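Next up is a structure, given as structure tokens.
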Amino acid sequence: MKDSAVLLIDCPDRKGLVARVSGLLYRHGANILHADQHQDHEQALFFMRVEFALSDGKPFDQSSGGPNPSPTDGIDLEAFRAAFAPLAAELNMRWKLASSARRPRVALFCSQYLHCMADLLHRWRSGELHCEIPLIISNHRAVENLAAFYGIPFVHMPVTAASRPDVEAHQLELLHRHGVELVVLARYMQILSPVFVAKYPASIINVHHSFLPAFTGARPYHAAHVRGVKLIGATSHYVTEVLDDGPIIEQDVARISHRDQVEDLVARGRDLERMVLSRAVRWHLDRRILCYGNKTVVFD
Amino acid sequence: MKDSAVLLIDCPDRKGLVARVSGLLYRHGANILHADQHQDHEQALFFMRVEFALSDGKPFDQSSGGPNPSPTDGIDLEAFRAAFAPLAAELNMRWKLASSARRPRVALFCSQYLHCMADLLHRWRSGELHCEIPLIISNHRAVENLAAFYGIPFVHMPVTAASRPDVEAHQLELLHRHGVELVVLARYMQILSPVFVAKYPASIINVHHSFLPAFTGARPYHAAHVRGVKLIGATSHYVTEVLDDGPIIEQDVARISHRDQVEDLVARGRDLERMVLSRAVRWHLDRRILCYGNKTVVFD
Amino acid sequence: MKDSAVLLIDCPDRKGLVARVSGLLYRHGANILHADQHQDHEQALFFMRVEFALSDGKPFDQSSGGPNPSPTDGIDLEAFRAAFAPLAAELNMRWKLASSARRPRVALFCSQYLHCMADLLHRWRSGELHCEIPLIISNHRAVENLAAFYGIPFVHMPVTAASRPDVEAHQLELLHRHGVELVVLARYMQILSPVFVAKYPASIINVHHSFLPAFTGARPYHAAHVRGVKLIGATSHYVTEVLDDGPIIEQDVARISHRDQVEDLVARGRDLERMVLSRAVRWHLDRRILCYGNKTVVFD
Amino acid sequence: MKDSAVLLIDCPDRKGLVARVSGLLYRHGANILHADQHQDHEQALFFMRVEFALSDGKPFDQSSGGPNPSPTDGIDLEAFRAAFAPLAAELNMRWKLASSARRPRVALFCSQYLHCMADLLHRWRSGELHCEIPLIISNHRAVENLAAFYGIPFVHMPVTAASRPDVEAHQLELLHRHGVELVVLARYMQILSPVFVAKYPASIINVHHSFLPAFTGARPYHAAHVRGVKLIGATSHYVTEVLDDGPIIEQDVARISHRDQVEDLVARGRDLERMVLSRAVRWHLDRRILCYGNKTVVFD
């Protein structure tokens, strides 16, 4: 992970895309660590993720000679960026290029249930999540001790229907001031306004405690219990203007039986929520997710 | 399985139910093979399944003396039935008592997709499904050879909107004539009328190719593809008047990714459909399912 | 859970066991919340778990009259215990009867990896694990801050081959002094001596990071990678004298692919380890596990 | 699938491999449908699978001009093969290039249990398995009717210890005569000799009814029952000289409990065996598997 870079591309599909991207990487001396592509044939779209080492460790292929192999050891990321830009423009690419050394800044939001927060913070401390966490925001005080234990500033921001616009404005100001690039709603039980959501397109990850699109809205475990399903689920997704309707990143389910009452579903669901949320956050941070339409490509 | 009997009970919950049922079984000399209970505390309901041997193989417990232990080897099923009836009446029980030797008569319905049929028929031939299959009905001819291979009479009954009432009347007449107790819709792509459904309460099992309640109705794999879910599912359930809304018996899911197109979902879904339908049929035949409200208790 | 009691029984199978146990409970006015039985027909063994309310909330069944229904509200646990003892003796039962109000005392052991500890401690704080934790022991200092955060005394006890007997003697003395009934090895990377193990029969729970019996011993993820398996697993089990051979309580697996290197297996495995260990501890605390031979019955 | 070709490559890893392969495909006008790569960094190996259309349906990228874009519609497979050979030689590649139109010839072996056979044959008839099946061989007659139903020649070849060498010689002769490229052991309960195995390297697929490497050898479900595992498994793998030790292709597991006796494990295992064997055969036929060392890369 260290000392590598990730290039993420999506563009209209056409012949020769892999050849041209990999050719350019080759001429710049890139040592590709992982590469993955996807084509959506219905919509004629092309998606690619390439991870390459920034310093080198592999014998360079002098003899076989591509057009212009770099004689240096490793790759100059900014030189590659400058060379890639015109190709990307020509091929109508949306693209991101980032060094793995740069750790995105993430804000965590929660309410009174702390299982997802405790899980994310432990994973972060253990090095599983490659990010900075400058800020924890909650409409409850329950998370305060946990935030202190991990040394992360906590801001208590209660919300009422009347105060919501002001609170959101304050939240956005805080996020801006801390340079936050990703917002994670770790069981934050407030609905964000379209204004807020529009500031962070494909950059707010929520966990919903059902197997979407089943049981949208409030109290999904109760609804699942009433319907008598035999599996319960949880879903992590990007937040869009429409509640519980954004691009799905990850889902998982657990088997239940007639013996399980609502409180059992809630307890089992907590483990699902932890898993699908932490995977989504990790994949986002490792630049493995591309959104298109209302769907995701996850290069795992 | 051979030479055993199953007693299925549901009734209002009250103290002493297990004691009274197990006491009666004991006094009749029953050798209990499996017993399982469930209480729905919210609705104050009690459910019980007891499977007991009809002939005996276990030393009887003479010394410890219950009130009236039977000195005989095994249990007289009809004598027990006669003794149980007044207890059941007193305790407001709905109950069924059946020897495992009696094999229910099942009709299989299908349309042009045969994966569930081929699976059910092979399981039946192998002895996994304890039933008679006097009849296969389809609105297509695709199943004809398969039916012949297994030696089961096949009736081709095309359906149009106009002919549906007549066809259904004919189907019901056939089912009645063959003494059919369970109808299995193995990807039968016709909607049964409320009149038909009312004749077989909790006795028509359907497989729906989605994780209900998500994606009810037609073309669920297409809908799942459009929504961008990360898991697809299948559901077996009893048929009620409301489409795809009956009590769920079994569900299962499979992981998919952005690489899977609709035809991949269809292919993976076939395996899910086979599994959830065959389990539902087996559990029904082994008298493991109790319906209440719009839910099932499955004693597996 | 509150204000209930659990009766756990295993004994030679014979007719009438359910009738006699449930009859006695009934005569003492017990309101059964859950009951589950199991028979091992091969070995002619009977297992039963009954959970019943200590105070009452259900109308008592006066009219139907068992032999001696208690007129009081609820059940006197000690009176029932006194009445049950002679029955248990007659039927050669091993049995345990405990009020849910009594919370077992648990000691947690770990080494430098903290994912299982962090998970168990958060679940304990959240109320998922019904126990006291008077003591955390580790041969490393990594857990010290976490222990302090949860307010649990931490004892640092480094171990060498030479010091092991003395360290274990000290550990046993600590466990005894704190009244510990269950020892949980949450990735404790030391092998306990037979002397230690013998003090806590079926009362030391370990997590092994493989799908036992595959890959016993050290470095199972490396071994799994070398063998090229397509699923990795984790196993929680009671510790016996033979390494990684005790009765299995719970197992789970995760799918991997050729893309996953050893460090990926380690990362995915952490989630499995957390799940199987926390489930095992919860089931043990809720008195859902019976050991016999080298196997477990888990009444879940 | 129709009218496409698959190129499978493995070779020592070096820079520029993707660029050179994709560049050559581009210059030949290939329309890539799917491409996938894998690098084993430990062993410095590179693996690639490219599937490309043989006729074209996509606008060719004239303007952007690679070195020598083909002006024709589609790709000439033999011309590409001739051009690829020297590149492959230079880069020390092992490679296969095959049109999807060519359907490999497969022989199915079985003994008395037919669940895998019935499943494979139904999938083949339904079009899931892209192959010819010129031959079914069994040491029992149980499969005879099924073979007849699907119109496949059946050869009954009983085996004893004494007759094994002669029988195997006869089998090899039959396989040779029918041009068989893949042998599928669908619960064939005979061990093939090293002589036989050596004739079909990475071309004999077996299903073992356990989660390998646990429970190798005979009666794995009995062994699993004795050990008290909580999950059972099945494994499909290529056959090598060492029993149950060849490269693993696919594995799956199912949850069991203390209630399941050996016969229940056998019944549940049948579904696992069907799944892991049919997936392995499909992946092999679709040229998705590369073997190296004792492991597989599966491009799914």
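We call the chains A, B, C and D, going by the order they appear; numbering starts again at 1 in every chain.
As a convention for this text, a contact is a pair of C-beta atoms (placed from the backbone, for glycine too) under 8 Å apart; a residue touches a chain by one contact, two chains touch by 3 or more.
Owing to the predicted nature of the structure, the values given are computational and were not obtained by experimental measurement.
Where subunit C touches subunit D, the two copies mostly use the same residue numbers: shared numbers make up over half of all numbers in play. Relative to subunit D, the chain whose mean Cα position lies farthest away is C. The equivalent interface to A-B, defined as the listed pair sharing over half of its contact pairs by residue number with it, is C-D out of A-C, A-D or C-D. Rounded to whole angstrom units, the spacing between the C-alpha centres of subunit B and subunit D is 37.
The geometric centre of subunit C is 43 Å away from that of subunit D, both derived from CA atoms. In subunit B, 34, 41, 259 are the positions where the chain touches two or more neighbouring chains simultaneously. Chain contact summary for the complex, subunit D toward subunit B: residues 34, 114-115, 118-119, 122, 126, 128, 145, 149, 259, 267, 271, 275.
Within the complex formed with subunit C, the subunit B residues making contact are 13-16, 18-20, 22-23, 25-26, 29-37, 39, 41, 44, 58-61, 64, 66, 69, 90-91, 255. Looking at the complex, you find that subunit D touches subunit C at residues 38, 40-42, 211-215, 227-231, 233, 247-253, 257-259, 261, 293-298.
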